[in-house]
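There are structures below to look over.
Same chain, two partners: chain A is paired with chain B first, then with chain C.
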Partner chain A sequence: MKDTAKIGQSGTLESSDILVMVQLSPDQNGIRIELESPSKKCFGSQILKTIKQTLHNLGIMNAYVKAQDRGALDCTINARVETAVKRALKFKEKGDV
Partner chain B sequence: MAINAVGREIPEEIKGVGELNPYQGAFKTVPTGNKMSPNISMQKRGETKVLNSLEEAIKKVGVRNGMTISFHHHLRNGDYVVAMVLDTLSNLGIKNITIAPTALFPAHKSIIKHIKSGVVTAIQGSVNGPIGRIASEGVFDVPVILRSHGGRARAIESGDLPIDVAFIAAPTADIYGNINGVKGPSACGSLGYIVADAMYADKVVAITDNLVDYPVAPISIPQIYVDYVVKVNKIGDPKGIVSGTLEITRDPLRLLIAERAASVIEASGLLRNGFSFQTGAGGISLAVAYHIRKIMKQHSIVGSFGSGGITAYFVRMLEEKLFRVLLDVQSFDIEAVKSLIRNPNHLEMSASFYANPHNKGCAVNNLDIIILGATQIDTDFNVNVNTESDGVLLHGIGGHMDTAAGAKLTIIVTPLLRGRIPIVVDKVITITTPGETIDVLVTERGIAVNPNRKDLLQRLKKTRLPLVNIEDLKKEAEKMTGKPEVPQFENKIIGLVEYRDGTIIDVIRQVRK
Partner chain C sequence: MFYYSININDEQEKEKIVRFLHKLNLRYEDDIEFTLTVVDNNEIIGTGSISGKILKCIGVKPERQGEGISAKIITYLMQEQFKRGRNHIFLFTSPDKADRFINLGFQEVASAEPNFTLLEMGIGGIKKYLENLKEHKLRTNDKKTISSIVVNANPFTLGHQYLVKKASLESDAVYVFVVKEDKSLFPFKVRFNLVKKGCQEFENVEVINGGDYIISNSTFPTYFTRDSEEKIVFMQATLDVNIFAKYIVPTLNIKRRYIGEEPYCGTTNLYNKAMKQILPSVGVKVVEVPRLKIKGVAVSASTVRNLIKKSDFIKLQELIPESTYRFLVSKEAYPIIEKIKSSRSRH
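Let's turn to the complex of A and B:
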């Protein structure tokens, strides 16, 4: 990992939650999302849309997001992504996430 | 193509299966003709039934390419017998076998290699997990025929499912082929599901790890049906055979659903002396039993029977004299096994006794209340327990459609969502149990009564239970989750859901990658 990368994480792997890891680094171009979800077939595109929308609302244009979904609703996804982004923005070298 | 009574398109004929009769309604099929008659045989005095190896047994009964062999699942996830039989068939170079298991478990995934190598080319019976998944991917040329416990017994007795050889995992067998399931290191309790196979298969082989002197007592499957006995090291892993005592759920949402279901039962007027009751072993079901037990004690109600798969909780209710009798087709835990040995009011029953609609009366006909789950339920109250929301075939039917048809009051208990997946939907992917046999849906967001049950609705209106329209439940679920994308299917039919009377209620198609 580049030491200029900022990382933030939020959420859990409990049922109906989502664990979101956001990495903000200067060499990331655009938004890249890696999604793992038990409801990918039914809700995959909707989950991706929600993540992108939340990033957009926070003014994030470049990020790598790893999302491990356990059946979260949109409101949960929203909150977890927002928190992960805010933690990433506060990220210090060797700091806590 | 014909449209059946629940609106599903059923092909007139399928290659390798034959003509299909579309489902007409839960009680519309009137059977005619005679039962299947198994062959006559003879055992001479002094001839032994005990053989030295499974290989010898397979040669003696003459398993050949293209035959149908059957198994039972009372050893559940601990079963070794299915694997050892198929491995032996494979070693002998036998191919093109149809297997007719009463159910398959994740432990049976070694079957997959025999499917890929052409030893097993068709399944008539429940599939589960990994085997369902490859069936959904289209691995078989002939669709899997899914039957309920009662429907399977009916199919064997009527000749719809002729079995060449039944391989019986026997926790205890004597040297002349008498079998019970209650003793031995691999004791599993009731052997109810395999009784029809024993009676109607051309040949019957008992495979045991507890071979005893003649005669054994008690006898569940008698010597008159058994051709050979094979002693092996182990027929199963006790850890996978019986579970420990199942705990009642502590999830507040599920507890709320259970409490409401119990209130529905109380309001139904059916909870009185002589009351009969069945639940599954799932978390919510057991919690409903907890409430029912409390109410029965409070009002000194003595029920007639509890039935189905028996758990420690029902054993306790029998011992507390809350039920006079338990009718046991499958013993889920060690307490149920022990009770079956010691309590004369704890009876073993066969699948036909339990749920076959085409005999002279099955137990579910006398059932007051059944508590069931659902993977999906639609606004017509049709229930799917076979396919997941992504369209993959992952579960068998069990006694779902049998008990729903038999019981006076059929209650579906389920949370409105599982993760993000809504359970109440417009149209279920697969119809397992027709809505006409479902009376009430109990969720944490409200209770929906089938509009056909005006009598029940009247009774429930007098309570303070939150009654809702099933359409509103569907809308509420969708409001929370968003509209799910519908899974895409290929044209190929990979599964037939046979209603308990032998008609086809739905087909399952190959999932699109």
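Let's turn to the complex of A and C:
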């Protein structure tokens, strides 16, 4: 895979947490989020909104995000997305690892 | 309770895991590169392992199930995979246990009832693979005869070329998938390039990387089943063909699959049997082609490898296309030829 170097991951699959993987690649236009959650019907849109807001705050315009939710609160989602993005950026700086 | 990775070269530590898994009716497989153990009060209560892109040998002591230990094990293994640069992973399990993993965020790819379910998680996945596949789509009317062939091509021989040519003449478009799994003597890159070169003369043929969804038998874990080997191979073939039928056939509007008749290899025979059972139900005709014979001998990649082993380049030339021959006499091929000479593997 050509883009392996630009992926950041954060979080766990434990209850009340969320596992976030962020891929920053130039081919990605805009934000694309894939969300899996047991409470997708109730809170899916809220989770998506939180992820988008966090990305926006970090100045990320193009990203592919895979989120595996296990009932995380907004603050947790926030923190996990931010860490994943920062890890992805770190990878990007270092170049091929 | 604490987590640590065992030194997989330490036989004593390994033995403990083997015994623990045995109590759960699971087996510890040989090709494992990383094993995690969960220990509480000096006693193993859970374990999980990594082998390539696959998580396997995951088990938790029955009395401790339901405490979220398996979620912790999976998370830990995912992070370990991530450190190794793998963002997409697979897990095989039995269909009755699949729900537990789906609750943890895995998605089902396909099943072979009643024994196997293939699950995946991470970036990429079958959806992405199909998106890439669409970019390879040849420009034809969907109603036309669209055929497919799957080859390992270890290496590409005149036998493969004969099969492709036959399909090319009888169809409007042909997709040739090259198995990606690198358990063969010729590395994937080399196999793929030789197939591409060998198919260049056919205008309606597109050569495609088989990716992760054309599974080869060597990756298939069997630790959670106690069936006979033949039955396992058949289940694996069923799973593989099910994935093909469920995803690849509709994406490319495939109407036919060409396969070579298999006089020698039992595994391939079982694969052919599975295809004949499953593919007609999704509207795909299986065309079995007798092997190309040159001077009375059926051409096969294993014969070719044997000739390489014996350095019989004159006989070899008769069985392979010029492009493959040219590669074999090039400098690049030197390490591969050395490997073939020292190997006893049939693959």
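Keep this in mind: the second predicted complex is superposed on the first by the 88 of 97 C-alpha atoms of A that agree within 3 Å, B and C clash if a C-alpha of one lies under 4 Å from a C-alpha of the other, contacts with A are read in each partner's own complex, and residues count from 1 in each chain.
Operating definition for what follows: contacts are C-beta pairs under 8 Å (C-beta built on N, C-alpha and C of every residue); 3 or more make two chains touch, one makes a residue touch a chain.
Since this is a predicted model, take the numbers as computed values, not measurements.
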Room on chain A for both chain B and chain C (clash or fit): fit
Partner chain in contact with A:74 - chain B first, chain C second, else both or neither: first
Which superposed partner A:83 touches (first chain B, second chain C, both, neither): neither
First (chain B), second (chain C), both or neither touched by A:16: first
Where the C-alpha centre of chain A sits as vertex, the angle toward chain B and chain C in the overlay (nearest 10 degrees): 80
First, second, both or neither for A:38, with chain B first and chain C second: both
Partner chain(s) touched by A:53 [first = chain B, second = chain C, both, neither]: neither
First (chain B), second (chain C), both or neither touched by A:66: second
Superposed arrangement (fit on chain A Cα atoms) - minimum chain B/chain C Cα distance in Å: 7
Chain C-contacting residues of chain A that also contact chain B: 15, 38, 70
Touching residues (chain side chain B, partner chain A) in the complex: 389-391, 417-421, 480-482, 484-485, 487
Residues of chain A defined as touching chain C within the complex: 1, 4, 7, 9, 12-15, 19, 21, 23, 36, 38, 64, 66, 68, 70, 97
Chain A to chain B touching residues, read off their complex: 15-16, 38-39, 41-46, 69-74
Residue ranges of chain C in contact with chain A within the complex: 68, 71-72, 74-75, 78-79, 82, 85, 87, 103-105, 107, 121-124
